[in-house]
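Look at the two complexes coming up: subunit A is in both, with subunit B in one and subunit C in the other.
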Partner chain A sequence: MEILKYIGYGLLIIGGIFLFLGALGIYRMPDLYNRLQAGTKASTIGAMSVILGVGFIQPDWLIKTLIIVVFIAVANPLSSHAIGRAAYKAGLKPIMKTKMDAYEKTQNIQETKEVKL
Partner chain B sequence: MRKVFVIILLILVGYFLTNTFSLITFGENRIGNTSEEKNVAAYYLNNTKEKTSVANVVTAIVVNYRGFDTLGEVTVLFLATTGLGSILFRRKEDEDQIERISKPSSSLVQTGSRILFPLIALLGIYVFIHGHLTPGGGFQGGAIIATGFLLMLISYKNFKAGHTMLIWVESLAGITFVTIGLWGLLTSGSFLENTLPGGELNNLISGGIIPIIYIAVGFKVAAELTGVLDILLNIKPKK
Partner chain C sequence: MQDGKSSISKFIYTFIVVFIIWNAFTWPGKFTDIQLAEVLTGIFVSIVLALLTNKFFSSFGLKGILPIKILYFVQYLFVFLIALIKANYDVARRVILPSLPINPGIIEFKTNLKNDFAKMVLANSITLTPGTLTLDVIDDTFYVHWIDVTTEDAEQAFKEIAEPFEKILLKIYK
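Right after this comes the complex of A and B.
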């Protein structure tokens, strides 16, 4: 059982590093889409590994922590997707050096499809 | 001029706040001596376990010692919902003109919310069923369930919270609360008296009427908040 504990401590350290990098990304990135990217990816893996690490250190809680990890894996990317889409629909243009907007094309295709239906 | 005024106001507020809080010494025991009989907090802490066999003292105070007050709180929420509904409710003949405020959401959000909704509802039900054992209770659990319904309402444009069902759930929950109170009045002489056997401490079925009342409150709050959200999200489009 000692090994499980050390795995747990390792996961805690990894999660802490990812959470710190996510916070740094939110501070450093230029616009909403980049910030969302940094915040979501880093905080998803960070929170997941911190919670799983707690589960390994305290094996009684392992099943509960696994359920929480699954919940975060579903809910976190979904919410960031919704925020990004809402920002795009509200008319926020991404700041980019190379002008490319792949979402606009898919948007047009979707709209034509909806008209056909 | 305005900035100077704001700064003076802030200094005044800060001065009075620090003045007030400096009277309370940090880390002081403000409950007092718990072995004293006259101390109200000490009475609750010492007697809740034996008298009501409920592990969560806060729940025992809210639902049992101050049960009538909780009935009043539920009534306040009911009145707020009624007022909102009477202002914003649309009649049946206008129903085909009603449109949801929110724009159609993406298929990702729709699929995800279909997965998440049962989990959120389960968490809410867990919170109000275990109200007498763990932190949380009827109001919190009901609010969690209402957030689940909010997720469904904003992700599916044609998702309808059935109003007849909501009305039935809410009325039945309210009737349960009042009936338990009246039963206590009939059998032992005071409203909301805990007449059922207490059971064992820390068991799910323990505490007499407390879990039943909290489940009723949970259903009532969930139905009311869902009704409020449904009314607020429906508008009539401009002609």
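Right after this comes the complex of A and C.
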């Protein structure tokens, strides 16, 4: 079972690199939506790979870690969607180079409704 | 749509899934080490959970575990994993390059999926694929933040972002 151990260490290193890249992305990107992009993708695969790596090093835990990996794959994008939507509703305008904002028009309808209430 | 038959089928489906998850969490490592008390507790907990949540947990009941659907699901998993790895390569490249090559915008497109759960799976997959982040889903319209807008046309964007996933999802959730 030596090979499994080395695969596990490899996954830990890959996960660490991606978590670092995610943090770097959050630091470098210009606005919240782009930061969410970098943060979500990199941290999802980073966390998945680290947890799976632990599972490979300690094979007794492999099934449990697989369930946690599936849970992260489902929960992470959901939470980033919630943050992005809430930020847009709170009035944070994204930085655009193309001036393409299809979401804006739905926003206005909902805002007028909320004002009436 | 809520007749008694489908409700029982949903109950059984939920029970099976919850029971499998319970056993996976309490797996002791060897088949001979399984404790009877744990399995019995698992059955009890699964029955209670299945009674409470079968309405929300499954929309198809036992049809959800037809072998053909599981095969399509495995295919979906492979497509998704490849997209996930591509996405991370893409993000890593954008973050590391000093010029920060981004061209962000929010685009919309319509999906053909009717099932709510399928829409959620598609939205989650879009978030984890290269350069896209689902901001909102209103009815059948997806609003997606795209880090590198190559087209502003809804049809074209749909082809580039969602088509490979939707093809398989349409087969699973007819």
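We adopt the following convention: the second predicted complex is superposed on the first by the 103 of 117 C-alpha atoms of A that agree within 3 Å, B and C clash if a C-alpha of one lies under 4 Å from a C-alpha of the other, contacts with A are read in each partner's own complex, and residues count from 1 in each chain.
We take it that a residue touches a chain if its C-beta (ideal position, glycine included) is under 8 Å from a C-beta of that chain, and two chains touch if they have at least 3 such contacts.
As the structure is a computational prediction, the values presented were derived from the model and not from experiment.
Undergrad: Who touches more of subunit A, subunit B or subunit C?
TA: Per-residue touch count on subunit A favours C.
Undergrad: Which partner chains sit in contact with A:78 here, subunit B, subunit C, both or neither? Use first/second/both/neither.
TA: In the superposition, A:78 contacts both subunit B and subunit C.
Undergrad: Quick one: classify A:33 as touching subunit B (first), subunit C (second), both or neither.
TA: Touch partner of A:33: subunit C, not subunit B.
Undergrad: Name the residues of subunit A shared by its contacts with subunit B and its contacts with subunit C.
TA: Overlap of subunit B and subunit C footprints on subunit A: residues 74, 78, 81, 85.
Undergrad: With touch defined as at the start, can you tell me which subunit A residues reach subunit B in the complex?
TA: 71, 74-75, 78, 81-82, 85, 89
Undergrad: So in the complex, the part of subunit C that touches subunit A is made up of which residues?
TA: That would be residues 21, 24-25, 27-29, 84-85, 87-88, 91-92, 94-96, 100, 102-108, 123-124, 127-128, 131-136, 138, 143, 145, 147, 149, 152, 154 of subunit C.
Undergrad: Spell out the part of subunit B that touches subunit A in their complex, as residue ranges.
TA: Touch list, subunit B to subunit A: 103, 105-106, 108-109, 112-113, 115-116, 119.
Undergrad: Considering only the defined contacts, which subunit A positions touch subunit C in the complex?
TA: 18, 21-22, 24-25, 28-31, 33-34, 36-38, 40-42, 44-45, 59-60, 63-64, 66-67, 73-74, 76-78, 80-81, 84-85, 88, 94-104, 106
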